[in-house]
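Okay, so chain A shows up in both of these, paired with chain B first and chain C after.
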Partner chain A sequence: MDRDKLVVPYPDADVVRSEIEAIVSRSMPPRQTFIAYMARMLREVGLRHLFRDWTELVYVSLTTIVIVALMLTAYLSSTAPESSMMYVLLFSVSPVLYLTIAIIFFAGKRDQDTYELEMVCKYTVYQLAALRMTVFGAVAVAVNTAMIGVCVWMMPELDVVKGWLVTTASLTLFGGGFLALMRYSSSKGMRLVYVGGWLAVNLTLYVWHELFYTAVLERMPLFGYAIWIAAGVYGMTRALSALITIHHKEGYI
Partner chain B sequence: MLALRNVSKYYGDFCALKEINLELTHGVYGLLAPNGAGKTTLIKLLVTLLRPTTGEILYDGQPIAQLDERYRELVGYLPQQFGYYKHYNPRQYLMYIAALKGIGKTAAKGRIEELLQLVALEGAANKKMKTFSGGMIQRVGIAQAMLGDPQLLILDEPTAGLDPKERVRFRNLLSELARDRIVILSTHIVSDVESIAGEIIMIRDRRILYQETVEALCSKLEGQVYETLIDYEAAPQFRRDVLSLSEKQEQGMLRIRFLSTQRSDPSWQPVRPQLEDLFLDVFRDEETGGGQ
Partner chain C sequence: MNEEQRWIRRIQRRSDRAAAGELIAAYYNEMYGFIYKQTLNAELAKDLTQDTFGSMLQTIASYDLGKASFRTWLYRVATNRLVDYYRSRYYRAQKLHEPIEELELPGEEDFTISLTYRDEVERVLEVVNRRAARSQQIFRLRLFADYPFQEIADLLDVPLSTVKTDYYATLRAVRRYFEEEENQHGS
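So, the complex of A and B:
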């Protein structure tokens, strides 16, 4: 008995292309840029839920701003404030707000009962930390800009552009290093060591070779700062992107 | 469909789960094993808190590790130790979890009101959770797991702390939900899953021992479960001869339900085996107590 031959028509080029596109788009969804991802997360999570404890956040931020403002005012009110020394001060204290907040609000939640549940949500503790640090970074730049405005008002010989570049360069250098380190250990102890290390290195450089340190900060050309800031922002973005996609070999617990 | 292919989990030399192969489609799956058998490890692998040492877990044919947040969006999870913020009220807490799940504020508000009603907490929606009883906390946990219409609902010991009425309501709710999603219920309380689970997954010695329906499992003991009335004095010797499954006082004597491969006495009445009988038989030598 002759068997009926089953004829399967070969799909035309358009069908083949659309099938391939469907398979690729399903298995390889387009990668979002860092900014698009952060914007989506901010829209979906909202600032209200990004910081659960607003009272603590406002208290810590205001206290830090007041302490930094008092330090700068005290120096500017002294008998002979120098603009070169002012750059050193700005460089050292610019990341203080960021670092204070980073110590308290980063992500160290492994020890809490809520950690397991939060790690199974769409946005995990680490992704929230990345968004939080991005928002803090933006707030820190805004606060530093305001601080420069006040300093220039009190000391007109200070270069406003250079002042802003010094503070922003300092912030991006500190922030990039901090976030890179947090990939490996986000323990509170490690955060304290890093912050302490930052202040100690700055102080040591100043004490060890004041002239060299102040000269570097004062005489570095503006484009040098611009390159530094661009590199710092790139480093921070890379570190934050890594935090978003962080995967521990054994899992999260 | 959720599939586990040769999944093993080791901590150094210690093996927590060995060569697990499972396929789960819609319905309630009861994960049944004594404490320490590997239930919680399996659950944590399924919710991505742990990664398999070998093997892979696939959802609709794609590795869950690769799906990442697209997989987590589909998961509702109630851990054994349900963590919450004590100064939050249930409404605030559910709004917070909804935000982490990426659910829009408007959609979340409506769904939260529905869920609060579903778990009978609408009257306590504005009370701080630190004032709640264990059962109320557990109901908040169940509500948060159901946020976002998860396709995969994974509940680790969900009925702990619930009173009998709440347990029944919860079981009915799960049956309803399981019509079009996967519900995995981990427990060592047999009655929690016997009436609602489409399939029971039993784990012994870190491996899957059975993945079958309740009826199929019970039929394994067909003709081996009996009941009889005996004197209290005869009980110690009787227990040495057979495996006692349950005992209760009746007319000044002891009604004993037991397992025996042969009917040695005509007064023994054969009874229909239940899941608990099989559980007791399978795990008769297992140590109980202690988590993983």
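So, the complex of A and C:
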């Protein structure tokens, strides 16, 4: 009996090339920038669905107001000139609203039954969290800017540019640290400790060496703040991008 | 760091499409041959080769250069694709347990399979494609990629003795199938 020998019919070079092109274009869509990715997600998900639980937000806002009021009481008892004290206050409390919301969101999310469901949807809970944090970052900057406006109106000797730089630098430093922490620890306690720690460290520094602390914030050149903010924004973007790709690792076969 | 490792780094860090193209080109024929021998169908082999490299690109972020060689890792991805394909085609309410006599310890096995003739490979695949996923992975890597038992054990993270037992069990099943066919033709 004649038997067919097993011969592998390798495709020719042109076919291989077109196959490779097809594989690459299908499996590796052109890389989007972080901003473009966030914009697309925002368009597809919609702000309304991004923040569903308004009661939660109201609760968080109230909590924040209480914290800020407490901090204010502590600082007001200080003897430093009002404008120096204001920079310290701005630095300490600017990121609180943003991060408190982020913490509450994450703490609650893990406990809800929808967590598993969201994990298999088009966007994961981590990607949505990254988007929420970006939106909140933008909102926090806007709120801080408004806050500076109010402060300058009440206290004309305050430098608008410096005030804005102080709040933004503080926000990026705090946000970058928080996101880095989130990558390595999922415990709710750690996050609360981080926020509490931030406030406590700032307050302690201030109480411990008021003049040094205010001098650092007040005398740092604007250029120094600009570098600080650029580094902070870069760190936050890296951390958020890492959050976006988390699901690829978890989906490993 | 060799060129292959540089390509992998570039894909992992920057989603570099050119590096992805180079890496696939380096392995395309090898993977195609490995898959073709197990499908005996050029179009299907092309599709499964595409799937294999597609999965590779999507999961390469988690590939650790220090753990397994890229080639070995790629064979594992390809074997998974083949098993998935045949499981979706063949999976029925079939026996999930092997008969007890198949679980003998590996001994002298004088029955060998040559991959020289197409019809013989076809008959081998008839048996292999219906076996449990793990058995298929072991058998495919051993027979079609010529991997040593120890490497298969490391790759699939199962004890060496299990790999051998499982391989020889599949081999016995193939032999039985061949014998049954011969008996049918003889009678």
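Rule of thumb we're sticking to: the second predicted complex is superposed on the first by the 195 of 253 C-alpha atoms of A that agree within 3 Å, B and C clash if a C-alpha of one lies under 4 Å from a C-alpha of the other, contacts with A are read in each partner's own complex, and residues count from 1 in each chain.
Please note the rule applied: a contact is a pair of C-beta atoms (placed from the backbone, for glycine too) under 8 Å apart; a residue touches a chain by one contact, two chains touch by 3 or more.
Here the structure is a predicted model, which means the values were calculated and not measured.
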Determine, under the contact definition given at the top, whether A:219 touches first (chain B), second (chain C), both, or neither. neither
Using the touch definition from the top, say if A:27 reaches chain B (first), chain C (second), both or neither. both
Which partner does A:123 reach: the first (chain B), the second (chain C), both, or neither? first
With the two complexes superposed on chain A, say which partner A:5 touches: chain B (first), chain C (second), both, or neither. second
Considering each complex separately, which residues of chain A are in contact with chain B in the first and with chain C in the second? 27, 245, 248-249, 251-253
Show me the residue ranges of chain C that touch chain A in the complex, using the header's touch definition. 14-15, 17, 20-21, 24-25, 28-29, 32-33, 36-37, 40, 42, 46, 49-50, 53-55, 57-59, 61-62, 77, 80, 115-119, 121
Residue numbers on chain A that touch chain C, as the complex places them: 3-6, 8-11, 16, 19-24, 26-28, 31, 245, 248-249, 251-253
Residue positions on chain A within touch of chain B in the complex are 27, 29, 44-46, 48-49, 52, 112-124, 128, 245, 247-253
Seen from chain B, its contact residues with chain A in the complex are 44-45, 47-51, 62, 65, 68-70, 72-73, 75, 77, 79, 81-85, 95-97, 99-105, 144
